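Heads up, the next two complexes both have chain A, just with different partners, chain B and then chain C.
The block that comes next holds the complex of A and B.
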């Protein structure tokens, strides 16, 4: 049967939202969601729905049922006790709502599969895309549509960007969303889909694959129900954009924990790994890598080969970068004679013309510019790792701007490394604001470049 | 010949410092060092020495030679052109200085081994501990003795603590020192020893092994000259305190870079790894791990077994923690019947009494306290991983304090995990201030616990 479960556009950019279970009682989930829509800058209509309410809720006219609204509704958010959800959902269907998020819990995750089956039947009847139940729902920084029932002071909302983050788990979802904000990364869509009764991994991938605002998909996944369809959709998506995936339940004990958590049948880890590799997924081993990788894909072009030139203003970091690159399957390029001769002319005599290129603790923006100019022009260089240690006398905001300038050209991938405290972190923020992916150590930068290279190779082979 | 190269106490807590090459010229290394001693709160005497100066330098009486000072001098810092260093060092010997730091460069690292040989001969003649040349020298937050010639606004100085950080490389040294400050960790000693002409890795390990202020030694190392002595000293030290070691030059290309950087003969990586394992070193794979591991050793007791109980207020993090523990050679304990029964009594019915123990998104300080109390008392539990996601409604500063309270008991190792942005990071700072090692992901927390366990096992086997 043809559904439109993968059409989540109206939910993401709704012109109107009905909040079923809206309330004025502080602390109530329906109150938090309603208040967030009021405070967030959301431009659409807001219709509070509460069976026991009349008059107004938080200043807006309240309705006893969504059927009473009698206007076009793009998104309904349901936050009422589980037993009343099926009827509310049926009314959403009748009201021709375009999409529903059910944040209520109390379904299959607590053994009430009967209730969940009812939701599935209703969604099917109306061909209605339903996210949840037992989820945080969605967040879209462009439209400010935001069903997260977490107080805004506890969790920052990321700025507008191109990374879409999807999580079966609400807690990994919300904490990682918060981390994404903390790291200054930009978000396209956030989807926490919980029990996946109706809209599941496959539908979400299908949607994000077609979504022009989404450049990178970051995915926390515990298990997949429709394996064959998942592979089919993913293999199409990875030909267009990267899917960075963190799989929970990769060990036997972890899989048992995942089963207890989201009733996921984790399946064999080896099978997942093989599928991920075969279909061009980018596998992250932990939350840090999920963000490290998303960041490089978000900002950098594809990488045509595995040859990386390293520029550094600290010798030890050059050594660590060399180890990290070679451990990650990357290598130094053989520089052309022309590059070497030109570098020799512009660099002070103390600088060795070899990789890693240690341009000295006194290197300033001019010296960085010379090295970046010549190395990025070398046909044998596929990517650049630029280490800027801001503790040194020569490194300052001009060096940060210079690195950002070359990163903006985007002819070849560029990653930066800066290790340090407050002064360094202020420069890191500036560079990241200008689109440079900055890492705290050569090791994390190399692992990000390696992920970029592996995906680029997959893409080039599929051309 | 018996030297006292390993006696660095007087240098670390000098009652008096002579700065040879002190200057008023802004930007000059001798000026930066002099100014830092004046500004840092250092309580001892400061004697500027400059051959071409008379009168005062930065308000202090200046001397043309250290021999003119005619008072007891604990530490001399030499920052003059390389060719003049041997004579200055000889005068330090004659003046019965207790220790010397030579920050000047221009010795074997640029092919002037002849000049470096002269330094070695002079040091031997006077049995004088000399750190350097071509180094940043030392930093001691207790005495405020600080030879780093880097502007204080560019690099934060850490608070007083028990971690000593040693680095052959000045750039890894200064940037990691800055990172240590940024992470809020406490420092005992910082030593950047450069060319290691006189005082080398072996002497420094010997000194820090005996140093009662040092609880954990963190070491960035590119190569060892006196391999046999290094092993002999290290094997004694690791029986008393952990040495966390990050080795640069572990790949063939990295070793070549290290040779070019500090003329280190890196030796076979396999040989190093075998020695490190045999003698109880804790090996870090990157800068992040160096800090993650130092942090857990700094704050936590030894770990008697590999059984870790996980408490979480987010299911997905519980899954990730399970994977991470089992991948790191750690396991869940079999809880006693008594623990299970007691937990069943105090926990809400929705909480499953199994590990990872998901105490719910609404868990507050009371529920954390109950879980911590009962799980830490279980004889089958060797350590605790406590996940506190502050995005949830129940988690607040009381939860942070409760975790810190149990961590302070120190009966069993405890690590915490919190993922998030600004609100979360403010709680992380509070917990770390109270001595809880907090990690951003279950993965980094598990790798730290695993390092603690491996070292604990080594220590117990050596008893």
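The block that comes next holds the complex of A and C.
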């Protein structure tokens, strides 16, 4: 039976960090990590540890062993050659460190399972949560703790927020982190857990389920080791917060040996998909969807039904939005007579009172406001898709803030669609800054709404 | 090596969980088969652990109405099955036409026992229209499995048939989860006249 290591809170939000393998030699992983802690504005204590160093490393008092620090340490980051890691880890245990990240590689991924077994035994002996080895580690924008050995100028660090992104893989992790910043999404935590020798996906889900900084979990997963426990934990977590999941790897096991139709159909990938469906995960098909879905969950309330009202200032985009909605299992609502009458009163005669609601190429903030107000109040409308094409004469920053104003009320889910160049992008960032999920195409907006609807249905169903 | 449950044992298990299956009996002579048929059309199947795909191996003869047809089929089947010794010959009532579905079970190395529902018979491999869940399933799961199928309107066109299939799914899930079998095929189960009959059973441990 595997030990559980779900108490990761101290290491995830540390007040003190020891960097084992800290160095001044540029290019060394230990040097990058140390430099990042200094540059990021980490407020806690930093203790560089290097067996061959005395005096100072990058201006901080250095220690030959973590045992010499003799103060409370929330997180130790180990970045030394694999063969020395077991001893360093044992010393972390003796020093009563609260959690360890091992970024070093050279373990089971290169056939050295013996070395990895040693780590597991030491962790168990001290009940010490260890993330890695062979990983990027963890980032917490709130405490500015960051074990990623990626120079700050090469990768953007996202702003503080409530999405936690978890990745087994380091490369998927780091590139997605860059995208998260690019999309303007706020990050609660980043966790790259590598070989999962000690802390695995089950422990991480358990921790994030309880973590109050985390509202949405975005997970890139290649496989789980403890299937039954994974299900047990996930079924509890998805009742509280959404887990958007992207499953990599297409390993098929057992299909050749199957003696029944059932076994030949129910391969490994199908089993994962079934588990995700059954326990309320939101499944993404690629990295873009992973982020697009996380974005809508981050800011929007649950969606009570599948009826979406579309407001647009471009006819063609309205048509595309209609196709995208219906392809994604969403429909237009039947507007009440009251809504239709009120809209007729306030809209100019060129505007047809039907969905998609094309309010005209000359629509300004006033017209958007009228449409938004009346449509969002209609009891038959479950969500809104607002298309704002800023190339038109009437659309400007006032339209952007009007959409943001309605999104802030959060009575019903709202997504915006905006396609265009630099002028458009400046308005997109205004809207996103104010909590509107903006998408570049009606298609991605519709698939995000559909994901929100599927999850909402799961949450609201009696199980 | 997968071992096929004996038909009698499999059928007793289905009976215990109140899962309907078509009336069947082992027959050791053409006369026994004729007696079982009692002037109704029957099917003869040779069952052996050495050929798990009966149809492919030519070990099934359908729609036998006259004594002569039964006798000829029994003798031909015995000849064909001889190379798969030991074997037994099973006589089954011919079931009415209907919609064929598959209900099955598999043991996933990671997630354990799972149940499957899909469009069955000859369509299983072609359309691969199925839904899968881990055991045990809830009523919500059973309903959502039905909703997931593209062929939903074919196999469960109304509320009554949906309810019946939900019940059946729950029973199969309970049976599979509690048994020592590793794989299960009830394929096809034929839906007809507001009810169903499991026509072919395959349980492997």
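In the analysis below, the second predicted complex is superposed on the first by the 439 of 463 C-alpha atoms of A that agree within 3 Å, B and C clash if a C-alpha of one lies under 4 Å from a C-alpha of the other, contacts with A are read in each partner's own complex, and residues count from 1 in each chain.
Methods note: contacts are C-beta pairs under 8 Å (C-beta built on N, C-alpha and C of every residue); 3 or more make two chains touch, one makes a residue touch a chain.
Predicted, not measured: the structure shown is a model, and the values here were computed from it.
**Q** So, A:400: does it touch chain B (first), chain C (second), both, or neither?
**A** It touches nothing on chain B or chain C.
**Q** May I ask you to decide whether A:309 touches chain B, chain C, both, or neither, giving the answer as first, second, both or neither?
**A** Touch partners of A:309: none, neither chain B nor chain C.
**Q** Once chain A of both complexes is superposed, is A:119 in touch with chain B (first), chain C (second), both, or neither?
**A** A:119: touches no partner chain.
**Q** Check whether A:260 is in contact with chain B, with chain C, with both or with neither, and answer first, second, both or neither.
**A** Touch status of A:260: both partners.
**Q** Tell me which partner A:249 touches in the superposition: chain B (first), chain C (second), both or neither.
**A** A:249 contacts chain B only, not chain C.
**Q** So, A:294: does it touch chain B (first), chain C (second), both, or neither?
**A** neither
**Q** For the overlaid complexes, name the partner, chain B or chain C, with more touching residues on chain A.
**A** So, of the two partners, B touches more residues of chain A.
**Q** So in the superposed three-chain picture, is A:318 touching just chain B, just chain C, both, or none of them (first/second/both/neither)?
**A** A:318: touches chain B, not chain C.
**Q** So which bits of chain A does chain B touch that chain C touches too?
**A** Correct list for chain A: 253-254, 258, 260-262.
**Q** For a test of understanding, state which residues of chain A touch chain C in their complex under the given definition.
**A** Residues 223-224, 227-228, 231, 253-254, 258-266, 268, 270-275, 277-278, 461-463.
**Q** Taking the complex as given, what residues does chain B use to touch chain A?
**A** Touching chain A from chain B are residues 27, 110, 150-151, 153-156, 167-176, 178-179, 181-182, 220, 222, 246, 248-254, 256-258, 260-262, 285-288, 312-320, 322-327, 331-332, 350, 352, 354, 356, 358, 361, 389-393, 418-425, 440-444.
**Q** Applying the document's contact rule, which stretches of chain C touch chain A when the two form their complex?
**A** The contact residues of chain C facing chain A are 2, 52, 102, 104-106, 108-112, 114, 116, 118, 124-125, 128, 130-134, 137-138, 140-141, 144, 148, 183-185, 187, 202, 204.
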